[in-house]
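Which chain is which? They are A, B, C and D, in the order written, and residues in each are numbered from 1.
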Amino acid sequence: MIRSEGIPKIMKALKIYGPGDLRYVETPVPEIDEDEVLVKVIGTGICAGDVKIIDGAQMFWGGGVLPKWVSEPVTLGHEFTGRVVAIGDNARKKYGLNLGDMAVAEQIIPCGECPFCMNGEHWMCVQADIYGSKKEIAEGSMAEYIKFYKNSRIYKVPESIPEKNTAMIEPLSCAVHTIERADIKFKDVVVVAGLGPIGLCDLQLAKLKNPRLVIGIDVRENRLNLGKEYGADYVFNPRDCDVVEEIKKLTNGLGCDVYIHCSGHSEGVLQGLKMVRSHGKYVEFSVFMNDTAVDWSIIGDRKELDVIGAHISGIEGYPVAIHMLDKKIIDVDKIITHDFKMEDYKEAFQIAKDGRQSIKVVIRS
Amino acid sequence: MIRSEGIPKIMKALKIYGPGDLRYVETPVPEIDEDEVLVKVIGTGICAGDVKIIDGAQMFWGGGVLPKWVSEPVTLGHEFTGRVVAIGDNARKKYGLNLGDMAVAEQIIPCGECPFCMNGEHWMCVQADIYGSKKEIAEGSMAEYIKFYKNSRIYKVPESIPEKNTAMIEPLSCAVHTIERADIKFKDVVVVAGLGPIGLCDLQLAKLKNPRLVIGIDVRENRLNLGKEYGADYVFNPRDCDVVEEIKKLTNGLGCDVYIHCSGHSEGVLQGLKMVRSHGKYVEFSVFMNDTAVDWSIIGDRKELDVIGAHISGIEGYPVAIHMLDKKIIDVDKIITHDFKMEDYKEAFQIAKDGRQSIKVVIRS
Amino acid sequence: MIRSEGIPKIMKALKIYGPGDLRYVETPVPEIDEDEVLVKVIGTGICAGDVKIIDGAQMFWGGGVLPKWVSEPVTLGHEFTGRVVAIGDNARKKYGLNLGDMAVAEQIIPCGECPFCMNGEHWMCVQADIYGSKKEIAEGSMAEYIKFYKNSRIYKVPESIPEKNTAMIEPLSCAVHTIERADIKFKDVVVVAGLGPIGLCDLQLAKLKNPRLVIGIDVRENRLNLGKEYGADYVFNPRDCDVVEEIKKLTNGLGCDVYIHCSGHSEGVLQGLKMVRSHGKYVEFSVFMNDTAVDWSIIGDRKELDVIGAHISGIEGYPVAIHMLDKKIIDVDKIITHDFKMEDYKEAFQIAKDGRQSIKVVIRS
Amino acid sequence: MIRSEGIPKIMKALKIYGPGDLRYVETPVPEIDEDEVLVKVIGTGICAGDVKIIDGAQMFWGGGVLPKWVSEPVTLGHEFTGRVVAIGDNARKKYGLNLGDMAVAEQIIPCGECPFCMNGEHWMCVQADIYGSKKEIAEGSMAEYIKFYKNSRIYKVPESIPEKNTAMIEPLSCAVHTIERADIKFKDVVVVAGLGPIGLCDLQLAKLKNPRLVIGIDVRENRLNLGKEYGADYVFNPRDCDVVEEIKKLTNGLGCDVYIHCSGHSEGVLQGLKMVRSHGKYVEFSVFMNDTAVDWSIIGDRKELDVIGAHISGIEGYPVAIHMLDKKIIDVDKIITHDFKMEDYKEAFQIAKDGRQSIKVVIRS
């Protein structure tokens, strides 16, 4: 094992203890063994999911059809990259990493033995830890240091990617998986609804498939403007127009071929089901605060839809995301609008939640 | 054109005039041209959809995400077969039909010119008439006679299929399409929820794919018994047990691979989303009375599901259904529990809706 | 019906009478009815298939596993666009075309009644005429006029597309279908082998899907240079290097994910089977002169490949091709290297076949 | 670790030293560690591949598009089951196996680290050992004992499966994978060509999907008869009839929907390409002795086929095969026609190769 000088025993971290109960605390710096890696976190993006953990969403705390997900108390944070400060000999050999290298681990730590892991669906691992929420062992990255485990899927991050952008690797990897699930064709009219950080990545990635039209929807003008700048053929604000009608006008009344939903709001589900054409594809990536009430007849007997879920980054998300940031095929400069010191986390979360001026808010470690 | 003797000018029919307003009326017998066929209806099955038309479901009368569907007043009935009593010369040549032959037309009359028809998705035709509900021209089969149109997809029905069973061709064709959409593999555990006429066909068809297990769910014991008789490896009644737990017990806690929903009840959606495994398939065929409130996070960020809709009979439904009834691969004898004269329609609809003793109720013409 | 002035009764045309027997002859200008369209041909591209018809390939004249395809004598030519000079009233209403408009019909005239047509696979129609080869009724476009039939799939061509480029609509539409069949993902390394007119379109279209790498292979430097100009990340000439080794070097020894073959040479099949990775996709579009001898074990028990054929333009080829030329998303200016008057057809075919200086050769009508 | 009494140090085995050079030799009994299992082999089926290894096929020894595969000298045999005679503590815990239990390991030992293993395609592992041919470490089962490795995929075999049938688990698992790749629908006409042990399993499995017709083809009457007994709707012998014509007669001249090839003969490729319909599916499982010369135009520009390879047993083969033998859904009693003591291997291989009286020949250990 090789270790940098001066790694402390204790560090600061942001831990969730229950709905509404986020604390800035001291916690031990993780120990590693010969198969593991310790990185100094560069920065961590605040995910809409993090906000909803604090706000008590049933998706995280259980309720309705959803079991409890969070194992509190746990350090938040899964959108991270770090620099290697200690690395076991086996890990060094396996990944070719050295002290000082930038490196990222997937947000999920698959068990390697469950039916999903055995079938190559590691991102659905039933036993998995996910950094920052579903931990047995894996504390998140809103801390000074974070540990990569033997089962982690670890990637070296090239120096061509500016440090300040590395927190976007994880959200971009999720967008890559979402867009591959959407299976976009040249003939398609594609709508991306919800232009947060992932939606804006989805939109750029959808453009990279060169379908007939890519259309963005959001209620905030700053995000619509950025969508336009990122190549949206049209953007619409549901507060200003009937978005379903606008899409129908652009498609001879048929509706869009592909609807990609990442707004997290029920209204986005309803609009999507209305604007997607019969035999169309509705891709759901959102993290919701609430139930959505809708007549499921529209999925089956009326439109024969394919409603396709997308969960984190799939098989291909991370390597493709890193490649695209390396080659500057995707822009994230304008998506990251704010960064804060960890101690200013209250303001950071406040601005992230409000979202009128911010898009992605990063907490520096 | 050739015509049988004695076709009247006026016939009796069951017409819907609005929610709750079903009338037994006199109406003209349709005229046909050289591309068309007139059949004397043998019998018409009462579909759960017919009951919901009468009950005013938003799926048919509009509301929520759903536009109005029914073009009232219209004669009900789309589950039918008839015997040819008149046929145009072009139709005779095209279909090889003669007077007296049993024949069925698909429930949908595609326009032949819309994008769906041009792409071979005729069953999604945007302009389509559907017998018994969405008519411009096509009155349903709860009448003495019904007409097949130039654009109808018409099939000869072999005499090996007993007349009394022919009303099941349409529901079976829908089940065929549903099961092909489900894409069942040998390794799968398949749940069919809602053992009405289509669910019982789904269950038999699922068995014909020979997956690891086929499991039926319903709240009525007569239907569970018939499911068992049709080869279900297990049947469960949600009134007697926690069906989600039962399925998990049979699948090492993972959940079923494929969930086929045809109960029409919100509870079936919720149970399905809970019992289907991550990366599983949920196939929706139901006609609902109500909205279903559920957290859509489970589709995307929790389970990455494929929620697959199925609408009527697809490309392959009718020929496969006729083949299977001809070869006695599928049983419908026990599904058809009641038949009534048309004038006794009130009792027929009452018994169909109640469903405790009945499964499929047929109205003889 | 409306007709332009001055349409003659007799025109010049290039007809094939048998292998090696191409004649420049007089033939009647077609008559049209109210469902049909007559266009003055702008120009017709010489397809590699046209050259192989003249050269007697078994693909066209029968032999081995292939039945006879050509119905000689027939006017050659299926890569065309024209200007409307006469149009029936029904056709005018259906297509919104007027005298003088540019218009194209698909190269295939589907029957509308065979199983493929009924299933939305019109481009596989078993009864189909194909302009310029498989005619019952449909003489090709190496003539002054050509007729579009009732069953033709007709598209208006916008004036934004220069007349001289319109002969590329058909080849581009084939490339669109090929690339959609290839189902390219962001992570893929894609090889296009054979940079003729369709290969160069394939290459541009593959780039529009933004995979990790697009690589071109050809034995002619002019085509490799153009491939590079069209965005190929690498181009290789099998006369200068071991192309299989080059691809393996770029892929950690694994091989490419997708191999798109349009060279028409057996060597391209063998190279493709060697350079595609296990579980990779090999897409075959070529028209061959000869049999290819290879051990089919490599398809099954060694690499478990998907060998995917592509035939003409599928469902989506023409509208997408026209859209892309209209929006200048695809370049064909540099692909069309030569054009000739029809009377100079001998030189035209000679230069097309030689291919060292030419890429696409057009015969003006 | 627990061990049975009386395991010797030296055992007898059949080793291949080069084409034509099979030797009956003494070799050490493998040692195991705490992650491994030692089984006493019950019996090993002689695979057509084994015969072709001896006969020097380029598929195994290299040539044409195929690199060398065999790492000689190596003990042959990959179709096996054994009884546990020694087991490491980790393996015991992981698999729940005890001394005396029947157990099988997949024929492939995946590396767990290559791109295929990381993506859940372990059966395509590029580094993999395969028992009986591609060994670094893994000697085959034509020996008294065989070792299961840490990376082996190991399954307990229920006692409901007679010992004498257990050598069929591997071939049946390959057939399961082949048939799942074929994706058979109710409407399909399916041809299985080559009714050896795997073809006869393919045929039974194809029947279990209940397509419209299942048809068997072979040149040996004993196998055709067994095909018929196993439920083939028709069987044809190419020595007695024109099989392409027979299939066309049964399909209105269109050809079959799915052609599953496991004859290993070029003639089977040519017949398949001729008899499969346009847009049909050709599934290749064969191990060939020779190249096949055919015009590849038929794959692309003539029929737009999906030619789908199948390699060993995929993800799902072994558990499904064991389930089906356990539940007696598949019969193999009549497929196993001969068994021999190991010392009589010359006669065993002779009879296996001749194949006129034999189907599957087993070598008892």
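Note that contacts are C-beta pairs under 8 Å (C-beta built on N, C-alpha and C of every residue); 3 or more make two chains touch, one makes a residue touch a chain.
Every value quoted in this text rests on a predicted model; they were computed, and no experiment measured them.
S.K.: Tell me whether subunit A and subunit B, two copies of the same sequence, contact each other through the same residue numbers or different ones, using over half shared as the line for same.
M.R.: Shared-number fraction above one half, so same.
S.K.: Using the touch rule from the top, work out which pair, B-C or B-D, shares more C-beta pairs.
M.R.: B-D
S.K.: How many angstrom between the C-alpha centroids of subunit D and subunit B?
M.R.: About 42 Å separates the centre of subunit B from that of subunit D.
S.K.: Averaged over CA atoms, how far is the centre of subunit A from the centre of subunit B? Could you give it in whole Å?
M.R.: 41
S.K.: By the touch rule stated above, which residues of subunit A touch at least two different other chains?
M.R.: 121 - these are the residues of subunit A that touch more than one other chain.
S.K.: Help me check something: in the complex, which residues belonging to subunit B touch subunit D?
M.R.: Touching subunit D: residues 176, 179-180, 183, 185-187, 205, 208-210, 212, 316, 319-320, 323-324, 329 of subunit B.
S.K.: In the complex of these two chains, what residues of subunit B are touching subunit A?
M.R.: On the subunit B side, the touching residues are 49, 57-59, 63-66, 69, 115-116, 121, 123-124, 126, 252, 254, 266, 269-270, 273-274, 278-279, 283-288, 290-312.
S.K.: If we count contacts the way the header does, which residues on subunit C are in touch with subunit B in the complex?
M.R.: Listed in rising order, the residues are 118-122, 153, 315.
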